[in-house]
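Heads up, there are several structures right after this.
In what comes next, subunit A is part of two complexes: it sits with subunit B in the first one and with subunit C in the second one.
Then we have the complex of A and B:
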């Protein structure tokens, strides 16, 4: 009976203890005793200190915020069509979304990664992955528009990407799903040994041109995340793996059986040597390479036909496996390049490998067997430290450049600060709720700016005003300049944020484009002055060369269009003033509006189905006479004899 | 009696300084408004009007067409003959310096003052026309409102503040004219000694 009493008492006490814990936590996290609001207050008219590029996850977009204010500036369409900006709807950007599967208007974008020079963010570009139909995009940080997209062959679920090397020599992209190689019709249960995982190294040119330099054909594991070495480990890239069990069904069980999975360490300098020696196979395939040109204001899509492939079994020294406990998710390299942190997501511990020890183990051939011809290093020889019992479900780690690391724990919903070298936990803060990635500006580069930390949460439940079953995801900003982390701000995000990148605003502000120079416009259908406006019929295709300037279209009266025509409205914005875009919309357009920047030309395809006189107008409130910026197009019957005619006021 | 060497050199320097009008703009009109945090402006030269910042003229014209103002002209007759006057006066000043008669220095100074005044008067007339000669079909008509920018100084015109001020070319011109006057006094003083 006494024992029973004890048990009952204990059971009753647990919730009390837990709630006691939580009270303590939220008291800390609220931190309202000090003047938190002033720390995120950016005076009206003043600018934020940092840009934050936050991925949109299943929205397929990238959003641009200011920190510390958390203000949203722009949502950049990348892998998903956007009717607001006509991305994927106008004729100019349709090729951007072309793939070997045709036009794909959606993707799942997870990891933004800024370009780097000498291991520091340089503000030129932001790369981001498309998961579902594997692609990598490059966003130009002069225009804040998607400038290039390259598709990845032999991949499925492009998750471990795009992580850059120290000088943006490459962005890397690993496949989450292993797939038959080459793709073919076969029984799924024959997965084991027959499926392969391709790791792509995409070279990046001075002007940004992306090209798949080579792929490494890996065993059929799942490749989860990656980061490249820096400093002493420059020349190496690390990929986490899970499902080394090679399970093809019920992975939540099947892929969680091994005590250890691997971090695959790729010596890409060695790969370059093997490529130079011709030790690659050229494999035929098809993948799209799409580029947007700021001079023609148009994208082109090219289908590429082959890729160079290296097989680790034929290339000694190219790949080593670092055993790492329990399905590691993120792999993060500290600013010195020495520590390689494996975030074993089904574990309570964090395992840290030493790059020096890895090199030594390789030199001493301290191998613990091999997998598919790839040497497995002895774990005891390479682990330099373990952060014990730091929390539950570690996912990602970033660094502040002062010898501290910060790790997110999904299951225990917290950010934990610990010390590199002594591996002791020094602080922890709860997140609301279930944090995924975290970001410190430059936190995965050689030079972190350890002032703020942004934690991105998957679940918000009761944190905001409810909006039906679907509620917002969120980001939480912490001040990490002191010994203890301090929660400053909690703001909703666009889509589901996965990873983010932060950068000092001054690195980007001076390069931000204001207008496109009209004289540089090389669009084949541009009308660079009212004199060049015209309407041209070619069979049932009609090209309208139109201009827009405050506050009229030229021409604004058009006659002679017939039902069944394919009408291309090529509209050039003649403005040369900052922040004066004009919009264009025509009744019955089955695609979107156009939003044309100063000096730019965009084209909307319109196929009128009904006779009548159809209005069109400017959609962007451009001027005091914006509401007068309108026109009519007359649509006649298929066999009508109304001649083509166009005019503006009395002037034409 | 010939003027002293110092004064003759000064006279020639003065005559040369006015050639700076071909290197620098002489006048600027700047328009400030809430929508133009960086302001827009035109630079007036002896032979042309240019953007202060890229595309300013185009944007000024765009604004002004709503109230029916004419576009800023690319060419006016003055731009044709002003350069000849400046070059002519410069050569004349050099010749006067060469001849070295101090009264000629004074003559050159007076000619320049008269020409300068005429130039300003001409500028005023253009500004008057620019601000008053409005298209009767303009979209925005404010009864009794004129849009003439100030000759010098600042003036509020509807939502704009117009600021008119000399630029570096004008300072060279003033200095050139003044140098001729100094040359005259230096020559006179030395003659007395």
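Then we have the complex of A and C:
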């Protein structure tokens, strides 16, 4: 019957469709060709072609957008607490934000990085760095939740992170601020020679388990950004440095003295050999490793006690310095793995090193001295090209897979397209304003999808309706399928859209989880049916095992709670239906609501301060009887004798 | 009583809301050429084999309810039965439909009688997830067509509009009670 309807409709629709198209063509072809709106228009009910994972910068989160529409789908809490999703507020996720400094409810998230297989994005995970209290997070792209966070010891300002290797063998994390090594109480002016920069190589297991495989202890420079090699340069990772002057104050002057800084080229396959040979030191330290388990719906935090450290002075062939002009910011490797682009942010030029030439210079020992035992390669012998006077303040470069590179220029507020090999500039487009990173889906992988480019701006001034002194930051979408870049759309973002990664939607859509199976729920306080609901007192701690289903809580009347109790509401959503979360809130809760997915259990701690009968209710509009989804908890005085009692529908 | 009135109000909003959606959809389909999507739109047509089956899917999957399903489709009420609910649906068997006087079902399935048919089907649904035991608390139920059906307990067994509950199937969005009789709304 349904199929028949479909067929009939299709037959009826064909002439309609054809005539529709014809009218459109004859009447509007001129207008359409300049109509950029139609290029970003995704019809109601239809899906975008790409996901864009856009970092939230100082919001500490990761936002998920669709491209080309620029529609926002979700803000995933990563490093900052989120009262909406109870992240960092419920008992299950508090351990996610544990560190060696204790519970840290905020961070600054900068660089999303998708996992790769064979140098291509694979849709399994998105990594992102926390700058301030150095951490790396792994977001599961089945649940779109933060699954794991690892802290980084001996790091300060975790900025050159988390860039992946070709098969996600490692994500790397370099420290922006060098710190005393080991960290200790000492005079700041004794920086030079005493501060060190640790570059961490974090191994990633098949199931995503992150582990600091080793750290490389580098001179006390600032390590700004990184990218790993690919193809022929697989096995190497490149970090930019600035402040090779090792200045500890007024860096805006002090760190800009040298004409050249370095790109540090790390041979991590060599590092693996040294580790296997036991050439490392095991250094005692403390850092947190936090994991969320989808079966227990809970996170655990483990404090790890040591890390393996390699010293380049003891490990010949591990690190080389590639001299690169003027405080290079981004370091970007083209899809073939041959070109290593240094974006000297105080320069007008881009410097491109050749991986082949680097290998040759190493073989020929063409060194220009050394720094802290690390050979400096002769610049003339490794530079393959310079993009001359391309703009002011180059920051980052990505690639379209057709032999073109695109670089952002912060000071001149523009994106510049240039050709690999001939180094000529072929197009430039202004951005509004002061662009930082740019993103092409797969644009830092072996297989870019060169259809769109997203430029991320730090400043918008007059571009949107004003909202007081703080105005939104923005992302701008360009069509790069033709010879010239074409601005299609700009849209506001959450926090600072520091960097983003894009991926074909089809790589993720089929993996997206719809419900958690109730039978697989191993939460120690789960009530998997109404029969398992109960209220248990243990001293002044009370555990409420509660269920929720359209459209009631079981139990929904509770008595016998006293002022001064610590009440744990363990609430299981019994729904096994897609897109039916329930919420929970209770008056006077000093933390947040709960937002419980189908099949999940979450726990809210509530410490009532006042006597009375307190209502609680479902916060997520769940059903036609959502407003009926409510209950009461009676709070008696500290010394009251009201017995513990719970019920549902007893007095109909 | 208050609850009942409220249930009733909800049910009206709920169903009339769905109807106007359907109307809007058909309007769009017939008037805007650009809209090339299928006529079968809405929650009823989402493919989802991971979730607990909803009321509509349970009905479609039952060989004893082919007449009911045909009637629901003829009345275009699929989306309402796949909605978030919660809904309690009384599902007469094919046998129950066959017991109606000759020609009635055929007549109702004609497109000119869509309104009457929809009214009868809505008389088989009420908001809430009510199991048979729980229904004993009520004297009557406010049904989705804004009319009430009597509930009585005879020999410990609940009868709804005189119909016996032959079995009950929990659904993702409520519950289905299989009944042995078609419920006909009272005449004004």
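To be clear about the criterion, the second predicted complex is superposed on the first by the 617 of 652 C-alpha atoms of A that agree within 3 Å, B and C clash if a C-alpha of one lies under 4 Å from a C-alpha of the other, contacts with A are read in each partner's own complex, and residues count from 1 in each chain.
Everything below uses one rule, namely that a residue touches a chain if its C-beta (ideal position, glycine included) is under 8 Å from a C-beta of that chain, and two chains touch if they have at least 3 such contacts.
From a predicted model like this one, the values you see are computed outputs, not experimental measurements.
Of the two partner chains, neither subunit B nor subunit C is touched by A:102. Number of subunit A residues touched is higher for C, counting subunit B against subunit C.
The intersection of subunit A residues touching subunit B with those touching subunit C, taken from the two complexes, comprises 515, 549-550, 575-577, 623-625, 628.
Listed in rising order, the residues of subunit A touching subunit B in the complex are 515, 549-550, 575-577, 623-625, 628. Per the touch definition, subunit C reaches subunit A in the complex via residues 6-7, 10-11, 13-14, 33-41, 46, 48, 50-52, 54, 70, 73, 83-87, 127-129, 134, 137, 172-174. Listed in rising order, the residues of subunit B touching subunit A in the complex are 54-55, 58-59, 62, 66, 139-140.
Interface of subunit A with subunit C (complex): residues 1-2, 5-6, 9, 13, 16-17, 19-20, 23, 43, 45, 514-515, 549-551, 575-578, 580, 598, 622-625, 628, 649, 652.
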